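The first chain written gets the first letter, and so on, giving A, B, C, D, E, F, G and H; residue counts start at 1 in each chain.
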Amino acid sequence: MGPKHGFCDFGFAKIDTDRKRRKGFAEVVYCPGKTKEHLKKICLGLIKHKEDLLLTRLEKENLLYLKRAIPKLKYNPTAKIAYLLQKKKQVKKGLVLVLSAGTADIPVAEEAAITLEVMGNRVERVYDVGVAGVHRLFSHMELLRKARVIVIVAGMEAALASLVSGLVSAPIVAVPTSCGYGASFGGLSSLLTMLNSCSPGIGVVNIDNGFGAGFLTSLINN
Amino acid sequence: MGPKHGFCDFGFAKIDTDRKRRKGFAEVVYCPGKTKEHLKKICLGLIKHKEDLLLTRLEKENLLYLKRAIPKLKYNPTAKIAYLLQKKKQVKKGLVLVLSAGTADIPVAEEAAITLEVMGNRVERVYDVGVAGVHRLFSHMELLRKARVIVIVAGMEAALASLVSGLVSAPIVAVPTSCGYGASFGGLSSLLTMLNSCSPGIGVVNIDNGFGAGFLTSLINN
Amino acid sequence: MGPKHGFCDFGFAKIDTDRKRRKGFAEVVYCPGKTKEHLKKICLGLIKHKEDLLLTRLEKENLLYLKRAIPKLKYNPTAKIAYLLQKKKQVKKGLVLVLSAGTADIPVAEEAAITLEVMGNRVERVYDVGVAGVHRLFSHMELLRKARVIVIVAGMEAALASLVSGLVSAPIVAVPTSCGYGASFGGLSSLLTMLNSCSPGIGVVNIDNGFGAGFLTSLINN
Amino acid sequence: MGPKHGFCDFGFAKIDTDRKRRKGFAEVVYCPGKTKEHLKKICLGLIKHKEDLLLTRLEKENLLYLKRAIPKLKYNPTAKIAYLLQKKKQVKKGLVLVLSAGTADIPVAEEAAITLEVMGNRVERVYDVGVAGVHRLFSHMELLRKARVIVIVAGMEAALASLVSGLVSAPIVAVPTSCGYGASFGGLSSLLTMLNSCSPGIGVVNIDNGFGAGFLTSLINN
Amino acid sequence: MGPKHGFCDFGFAKIDTDRKRRKGFAEVVYCPGKTKEHLKKICLGLIKHKEDLLLTRLEKENLLYLKRAIPKLKYNPTAKIAYLLQKKKQVKKGLVLVLSAGTADIPVAEEAAITLEVMGNRVERVYDVGVAGVHRLFSHMELLRKARVIVIVAGMEAALASLVSGLVSAPIVAVPTSCGYGASFGGLSSLLTMLNSCSPGIGVVNIDNGFGAGFLTSLINN
Amino acid sequence: MGPKHGFCDFGFAKIDTDRKRRKGFAEVVYCPGKTKEHLKKICLGLIKHKEDLLLTRLEKENLLYLKRAIPKLKYNPTAKIAYLLQKKKQVKKGLVLVLSAGTADIPVAEEAAITLEVMGNRVERVYDVGVAGVHRLFSHMELLRKARVIVIVAGMEAALASLVSGLVSAPIVAVPTSCGYGASFGGLSSLLTMLNSCSPGIGVVNIDNGFGAGFLTSLINN
Amino acid sequence: MGPKHGFCDFGFAKIDTDRKRRKGFAEVVYCPGKTKEHLKKICLGLIKHKEDLLLTRLEKENLLYLKRAIPKLKYNPTAKIAYLLQKKKQVKKGLVLVLSAGTADIPVAEEAAITLEVMGNRVERVYDVGVAGVHRLFSHMELLRKARVIVIVAGMEAALASLVSGLVSAPIVAVPTSCGYGASFGGLSSLLTMLNSCSPGIGVVNIDNGFGAGFLTSLINN
Amino acid sequence: MGPKHGFCDFGFAKIDTDRKRRKGFAEVVYCPGKTKEHLKKICLGLIKHKEDLLLTRLEKENLLYLKRAIPKLKYNPTAKIAYLLQKKKQVKKGLVLVLSAGTADIPVAEEAAITLEVMGNRVERVYDVGVAGVHRLFSHMELLRKARVIVIVAGMEAALASLVSGLVSAPIVAVPTSCGYGASFGGLSSLLTMLNSCSPGIGVVNIDNGFGAGFLTSLINN
């Protein structure tokens, strides 16, 4: 079936060529579980239809394979994101702040930040400001107050989300991470923390879902 | 301690008189677990400091008790919300849409909708549009596209959130409800559905947390 | 003990030579946890009793070992199914539709589809029609209505099952998959979605159990 | 909105008047969480559109309220099902067998059986044939072999489903029940048993979901 | 058997008359699950052996029954603790601070505070200082720094424990409470938060276990 | 169907009249979920076939109803067991010891003890010997060593099972109870303790399943 | 400390030289988590005190290391058990039957069977008699009736345990295994099945705990 | 930002140079999830500010990398802790006892013990004193009574914590470990045991969190 139906049918995949019209951005490719041959066909299909390219959780090995067919593909190894834009996005007005509680949360935070930048948002990063040393957060109060939206990335007990929520009136997009061990149960602890915050104004995404946080934040920042 | 410290100390409670400055709305009172005497003291304290009053999950019995001291208190029995505003809020520009998947989700949806209205948002309600009869949703496509933010309230398998997310570019605030039985495990099923959506752009709040959804949505709609 | 008791005793295994009479198909061999020597003995035993051969979740390494003894063994590497039929099955009347929500669900979908074909069913595959771009599904409405039974294979939030169930009167066999991460908890999310569907008419099998879905569907399609 | 859109909009509910065309039976009303006033309006709306009436999990108190407006409404107190058919259904060819493992599973089994009968199926009930005394089951082997579909309702460890599945070639619809205590965890034990059956050919519905089992079975029995 | 064996045998109970020697305080009576007759016999037995009396989770109804036999019994209805000391305890040197995050956590906090006072500790209470308005906590910094041990009682997301731990060098005894709803799962959320704190120095007790927190704190404060 | 098939068919129940031959004791009636009318019919049916009567978890209200029809029925209100034996059982040789960790575990312990006595076992009870005061247990070492089988009934952390197992060579039947609160999660804590014992020789039954423990112990004591 | 205290202190381990007197068999060594050097020291220590040697879950690599120091050590690679007896055990009177539901359960079944043999029990093995083909079990009825104790090893839905329990009066020791996938959740499914059996007379041990089953069974068979 | 703000900003990390003042010890580096380059920068930063160095869960490979830059770094391979102190700590008065239930718990016990020693505590280790041979524990009663604080490290069913708690008046810091298999569910079993102890006086830390136990114990021992 051709794109006149709003998608392009490869059998194993149906590229949604109508996605940009509906959601404001082309279909984003989540890489795990897809073979490298499938990834290449999907990418070339998207390029053929003049769509922007955004691939998440792309392993280096598959990147190298794709690079041979699409040499211009850009890649951020911390975020494991590859992308190729048809034209530069117009920068949105609001400032987005991406906070991480710890150093080990940075890969997820970068997945959010790169997604946000690719989608045309101004992003400031403030990393390693968890509540074990809360003065590190408080020294950035001005930035916190200026942000239109705040993304908070935290594992373990993820107390940072509630704390920041109590300080500002920006909506918060919270990403629990699987950083931790034992009773963190793969991110369950941070997920429950963020869902049960005593301070309202927090929307939660899936554990380790930096991309989803970036995408939602970009929609809020429209 | 007096309000010069940004709160008013009753011993059993410390009313946050600085909340409005930071979060844009006065401290909201979550009623479960508080005695009716405590509720009354907190309300009178807030009134004394010229704060808006918003009480959530207020049972009828406690409402009647409060009404005697604060006759002007308004109450929505479906949402179980009571409120009393110092002055009418200026209405915000964006339209907020509140969807419910089923009829049994309405109390939670109303908690969100009333919260939104109290905070100065224009709200449209579209109830009972779950995916068992998806044409009911599609007949409201125009409204879906006009909304600045969409609140989706759904229990059981909560498929509505993903479906709507695939159709629009508005950010979505999703509220899983505990409607269901058996393997819904008190709302766990709908919570996981919303967190694992294949379509990005959804921020999730706690199970049955209509108030939190309304509050977050109002911040997004600023 | 010999097959006069309805089974053939190898000590480590008792081949059920009466299975076909009771269930309509010979004993199917689930390969994980069996040594390659055991697999070979079981296969040769089944062949000796003129039974059809169907092996699920067979790793390539073990396939190669078996191929040396049974050169005619056929293998589908995506489905990880090997088979060898005594004679071609008569094709059943009803059409079976196998849907997958995403590309990463295809291995499980193929396990169902190959099982169905081996058991004599006509199968149509429609892959990558998840609700993130629901028009891809709607463009196949005619096929959906023609099917006697529909198999739906979906991971993450698995909203596809409820949606399709609301559209057709064919019974649906739903297979949750472990595709996803974080709060998908190894397929728990999609399992709960399918069990809690607001639209009735869905029978659920174990997570990633493509074979079981195919087998059940074949019984329904009799 | 009127029924020309395929539904009838009451604000709090949107009756799906197109359901019968798509699914073969009118919208079924799941009663928990709906007020008795809402139930009455929905019922009268369905009657007005000449739809069959089927209400599940209807408590006696609400039944009495509805009876005053709809005196012809029939009610089965064990199944907690009320119904009123526009005309008698034509009886389907296949025989459906409803088994219960224990006496305490009967309410769920009856919910399935009544649903099946209302939808035009021939139903035989065989109750209290759990594996603690397996000869009770074996004395019904002839009936087991004659059935086109078998519904199995079982709580506790629910071993009955696997056992029956190993004996027959009819597709099985299995309903885990919450009967049990302690480590049955509200039906989780029987649910997992049925999902993990070593014998294929079983489709599982939600815990205590007798209605869903009956509905699915009726679709299979077409 | 008599107290020469270190306990006094009533058949249904064996009062540990050696407890004080080993643990520093007489056997404490946990009331749920014991009949009022059993409670009375245990109390009279303890009094006969000149032991201090401390009963936790004593419902009012049973208190009234005990009062008739032991008129001097003191009772705190918020903490649901009854006690009767042989002689006043010598007050310990260190100051203990009991914090609660919310108003609804006070019953558990009082269970800890009363236990501490009965065991001879100086206690200061600071209630309702959750992170939604963190300045309420910071206005008590001096007290936080003076405490020898700090008990923190919090439900919902319980972020208070980590925050305080990052500010002081006193050991912290953290009590998760079941305050909350939905994804708090009966206190699981606050329990996991406290166990996964990014700031070390926290010992956690069971959900709602104010008594256990008080007892442990008293041992630390020796 | 009559008892010549090994059971007696009442429709709602099939009394297993062959149970005694196979298991050594007549069918035992688990009362929850059965109506009082059903209970009466089952009891009279069993009496008619000269079977022993043993009913577990029988509420007082239903007992009174049954007493009118079967005046000789005996009842233990702590164990909630009713019974009526055709003739006194011959007493078995081995001594069975029933231990409870706390006073609140006694109802479950009595369910085990009465079951054992009804089935002809010599039983000694030692209650309230939990590890908080371990000398209470050690003062019964002689009895522990004399027992042929030991039943251990414990809630909360249930450490008693492992401790006793390390001291004796009798097989241990362990019954976790739901006594406890918070993180005992309805008996999960004690169940996991007993399953994970570092000392071998323990067989575990369901949470609160005193009857099952008594029955198994009686089989071991044959 | 020397063996006069009933143990032999190596610092990292304290060999319990009194174990045989109390439990009837020397301390058994559970190998995971111990270094090969530690294993060797413990073995040599046990040999020095003339204790029997029984090591469970010993990986081949560590076996080879131990063999160099203790050439007479015997090893069963399926059961992963090594042993060396001071003198042959006297064979006990009762017959023990070890059943496995599937072929993949054999390693756990062998762990039980070898443990039983080492401890002086007569063992018969009947493997691969799961309920998918129940006639395989029924053809061994005579053996089932002769057994003094029956060990049942089963994964997936583990229905075999309940079924056998309904047929015999021997006590049953049930071992859930982690065989399975998806909703078997690492053996949780089979564990819950065995705990919730509708037929009494089953004692359950930890998932995959073949050794524990063998040990308990040997105590019962005394 | 410089240390005048109380931290030193490296972008990816913000070293808390004020930690020692607040908590009594410099910021401790938890190594998992940090790259070796990040670890090196953090260490050199801490050294530059004359802070003590304590790194937990440091893998050997990263140690070797750090050793090249910081040759004086000390390392305990069992505890996986590296450290470098500015000057030797003054030894605290109280004696700390570290107990392990089994040999496999020693790595976690050593993490606690080394942390305690680095922080200036006198530590005695008593390993392998689990309840399977309780006389091993009782032979150390004198030491148990002398301790100011006791750390208990135990996996599987972790009964040791309750037992010791019943014997002494020292506060206990309990560390559940993930040692075990099957129904230990990664340490959940030992965690629940410790939280549900029937004997009060126990503070629990995260599963396998030897460092946190050592840190908390050191604060208690001040």
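Of note:
Heads up, the rule we're going with is that contacts are C-beta pairs under 8 Å (C-beta built on N, C-alpha and C of every residue); 3 or more make two chains touch, one makes a residue touch a chain.
All figures in this text were calculated on a predicted structure; none of them were measured in a lab.
The chains in contact with subunit C and with subunit F alike are D, G.
Steps from subunit F to subunit H, taking the shortest chain of touch contacts, total 1. The contact pattern of F-H recurs in B-C, the pair among F-G, B-C or A-B where over half of the contact pairs coincide by residue number. Chain centres computed from CA atoms place H at the largest separation from subunit D.
Taking the mean of the C-alpha atoms as each chain's centre, subunit B and subunit D sit 35 Å apart. Rounded to whole angstrom units, the spacing between the C-alpha centres of subunit B and subunit G is 56. The distance from the centre of subunit A to the centre of subunit G, with each centre set as the mean of the Cα atoms, comes to 50 Å.
Of all residues in subunit C, those touching 2 or more other chains are 102, 132-133, 166-167, 182-185, 188, 191, 195-196, 199, 206-207, listed in ascending order. Pairs of chains that satisfy the touch definition comprise A-B, A-C, A-E, A-H, B-C, B-D, B-E, C-D, C-G, D-F, D-G, E-F, E-H, F-G, F-H, G-H. The residues of subunit B lying in touch with subunit E in their complex are 1, 5-7, 11-14, 16, 18-19, 27, 30, 32-34, 38, 176, 178, 186-188, 191, 206-209.
Residue ranges of subunit A in contact with subunit B, taken from their complex: 22-24, 28, 166-171, 173, 191, 195-196, 199-207, 211-212, 215-216, 219-220, 222. For subunit D in complex with subunit F, the residues that touch the partner chain are 102-106, 127-129, 132-133, 135-136, 139, 179, 181-185.
The touching residues of subunit D, when paired with subunit G in their complex, are 101-102, 130-134, 156-159, 162-163, 165-167, 180, 182-185, 188-190, 192-199.
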